[in-house]
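Each of the next two complexes has chain A plus one other chain: chain B in the first, chain C in the second.
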Partner chain A sequence: MSENKSRRGFIAASTAALAGLTLAPGIRLVEIASAKPDNEPVTSKVRWGMLIDTSRCQSGCTDCVTACGKENGLGEVKKPRTDAQWIRKIDLKELKSGHALSLPMMCQHCAHPPCVDVCPTGASFKRADGIVLVDRHICIGCRYCMMACPYKVRSFVHEPHTDQNPEVPRGQGCVEGCTLCVHRVDRGGTPACVEACAAAGHNAMLFGDLNDPESAIAKRIREVKTTQVRADLKLDLGVRYEGI
Partner chain B sequence: MASASYVETQSRPAAFWGLLVLGGLFMLAAFAAFLHFEHSGHVVTGMDNQIVWGMPHVFAVFLIVAASGVLNVASIGSVFGKPAYKARAPLSGLLALAMMAGGLAVLAADLGRPDRLIVAMTHFNFKSIFALNMMFYSGFFVIVAAYLVTMMDRSLNPYSKVLGFLAFFWRLALTTATGSIFGFLIARNAYGSALLAPMFIIYSFAYGLAAFLIVQGSMYAWNNLKLDERILARMKNLLAVFVGAALYFTVVMHLTGLYFAKQEAYERFLLLDGGMYTAAFWLGQIVLGGIIPLVLIFAPGATQARVIAASVLVVLGGLAQMFVTIVGGQAYPLELFPGYAVSSTFQDGVVNSYAPVLGEFALGFGGIALAFLVTVVAVRVLHFLPQDDFAKLNAED
Partner chain C sequence: MKAIVIAVLWGLTFAAAHAAEPGRTPLPAIAIEKPGQCVEPKELMRRDHMKLLQHQRDKTMHQGIRTKKHSLNECIACHAGQKTGTVLGKDGFCQSCHEYAAVKLDCWDCHQPKPGQKTAGAKP
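Coming up: the complex of A and B.
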């Protein structure tokens, strides 16, 4: 009986291992190693964040915006008033000195997000790892979070949509915003904008775990002066900027 | 006397049906607008990602604020024991319910997902003032309805004082919460002030009493009755006190803004350079909704017609105030980088424009029409015409 059991166990394990190798040839081993298993909850040991070096961000370059649109099925911005813009490029010019710079602005993934505080149904929520999201199942489209966000980084889906990315479901009448490409991050990847910025050779966006003292982002934040936009509000942002 | 006036309200059936048809047409237009918005999405409205709350919210919040304020007439009767107001308490309660229903209907119709209304009623984030408002609104219906029943059913009369007290405190909490929808917003210059809560209460006093005077005047005119001079004088003076207090709060709010360097640019926008928002503030909220009503009320020889004219102006001024507060507050750009000029594809650094479409007005007027229809029918079938006890009034004088 026990011999039978162990033989069955051996057959099951080897079949599963074989299936894993043959059924998912596209998965890289590194990704498997660092990805969070689906059956484990996210943990507050991690705080995902981003550091943007404005001295490297090129004015006129919108690769991060394009990548975001493609990754999340937003498409190109054709109607700037009503189209969803999860990330946008802002051109700044200091009024006194004339110093010009450019930077991407997206959900700042606050530790104390006003959008989460005001949401009547709890659709706006913050994951344990600091990513602020909208639960599309219980968002009623009241837009109070858009009134509350100091960075106006949320968009309301103003019209019906087709050609969605199955990993990023979207629906008319709900509010949405940058998810830090949570579907990629949970597999151990990086947000599409960060990848695009690196691919363009700018490397202005650094993504990582703010809680891990050994991470590149944590080290950089220790070394250089970084800024949180509207730091006066004390929202403890996940996204920080260098050079402003 | 009582039965005579009850008979009076049953008169003129053709005109009554005419009113129903009129209200029904407005409701129909609102329903068409609702279907259009929900089918095509909010892209067909004047609202966008910058002005997320537009005309429907202006009407909805006005109706909700005025609904809590109109109950004040009943409170003065029940809580403060004034006979002239006690006679008007049932009508006041009815209007409170009708206007609250109208306001909430508009609010719900403008949701991105109105089909998920049940979600809003089953999922609560207790830190959200918006969620608390929903509870206050639901409670308001229950309490005011119970209050109405105790007033109108003689056997339950003894309970009306307790319920009157409860309704009074509930409505104060409700309007505090409504004002705090804006008061708790840290992001924008126009909001984030504790003053908004008491200011909304004062606004509610003024808008609610104005609405009451308009309806009361119409009912008296319909029945060829004349409102007693003393009662008219008291109610118009009370309206003047509320309008004056509303102006006072508005002045204090903006003086405070002018004093804070970080608020100067916003105040300059609203008070001087803001185009239609500046016009709505000065001409709508201050002159039409404040100064002219005060002149109409206090100029010698005030008649019922003049008091009603003043009330209509207070209501129009109230809508202008909501437009300034809600839309004007969003029109002014968020300042993310002080000391920098900014530009983007997402309208950073620019004053946001807003051109409401007809359907948004239709939705707003639909809310008024709903309140109107509820009132017209209720007044027709039940006993809401104020019945003054002149012996008590004389004794009070």
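Coming up: the complex of A and C.
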């Protein structure tokens, strides 16, 4: 464990050295990797979350959506009424002032997820680190969770698939949604959408550990006003927005 | 009673004799194309691979434990046919045996039967 800590320390130091890559105060381009060893279970010491800065998110840009489709084997959305969509771009406009916003919407990874409350089988569950998932081995496709989710971010898979990414199994008859790219996160990576947004130079998405006071995301949330969508529901969301 | 026992015994001997005769009994094609050692003894894998896989599946899904030893993707990486690139198909490692034993395989409704792990999860 101590060896592990010093390794992390080394990574942190070299990352810091690598980067005067500070975009804005408190936002680092390169997030410090905090990969857990493969054989250790996830713990509630970590709470994964995301912060989306709507002032940086461009209307018309769908880089995050494309990256998600590619990473998770969803492909292009050809039939929007039935094809699975884990992340959508939404354009908002206040009619009176004309003030317009664009933002990505995906599973908010609620700390008190209604989709888990209603699931009759236990397939919809929250991991110790706050990531909400569907265990397809258990899901019976009843779609109660889709009805219960206030954000309407889950999809039902209507058709058989054969082109899955080996790390993201998915198939007909189950409900699915954003996994925060759990297969990448478990190895110390970041979600594909966040990576794509940064690669395009927009840097509107920030991913990290909300429980770590030193993480870029925790610092930013402390410094600026951020909003949880439908905060009145008191679901304690993992995804927050800036500028809405 | 005696007659029945004798009939049964005779039946068994007959069946055994014929099972040994090549060509009469269809056998699954178990082709181990990649040399090397499996993660567990052969006898254990033949009987209990499904238990190992299910145990690993729950640990991966719910606890994020992604060790390679009993991971389905690692099985596929090793056992996919060199030519076909998959564990399915007529002589595919999984399918041929499961067809022989008449046990339905539903892993592949969701899992990818071809290896080809992407480098996803590279450190940022």
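The rule is short, and it goes like this: the second predicted complex is superposed on the first by the 210 of 244 C-alpha atoms of A that agree within 3 Å, B and C clash if a C-alpha of one lies under 4 Å from a C-alpha of the other, contacts with A are read in each partner's own complex, and residues count from 1 in each chain.
Methods note: contacts are C-beta pairs under 8 Å (C-beta built on N, C-alpha and C of every residue); 3 or more make two chains touch, one makes a residue touch a chain.
Note that this is a predicted model, so its numbers are computed, not measured.
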Partners on chain A (chain B, chain C) - clash or fit: fit
Partner chain(s) touched by A:D129 [first = chain B, second = chain C, both, neither]: second
Contacts of A:K36 with chain B and chain C, given as first, second, both or neither: second
Larger contact residue set on chain A - chain B or chain C: B
Touching partner for A:C149 - first (chain B), second (chain C), both, neither: first
Which of chain B and chain C A:T190 touches, first, second, both or neither: second
Partner chain in contact with A:P160 - chain B first, chain C second, else both or neither: both
Touching partner for A:Q172 - first (chain B), second (chain C), both, neither: both
CA minimum distance (chain B, chain C), superposed complexes, angstrom: 11
Common ground on chain A, meaning residues reached by chain C in one complex and by chain B in the other: 160, 172-174
Of all residues in chain A, those that touch chain C in their complex: 30-31, 33, 35-36, 38-42, 71, 125, 127-129, 133, 135-137, 160, 164-167, 169-174, 181-190, 192, 195
Interface residues, chain C side, partner chain A - complex: 57, 59, 61-68, 73, 76, 109-112, 114-118, 120-124
Touching residues (chain side chain B, partner chain A) in the complex: 38, 40-43, 48-50, 52-53, 111-114, 116-117, 119-120, 123-125, 127-131, 134, 181, 184-188, 330, 334, 336-337, 339-348
Residues of chain A defined as touching chain B within the complex: 77, 79-82, 84-85, 88-96, 105, 114, 116-123, 138-144, 146-152, 154-160, 172-175, 229-230, 233, 244
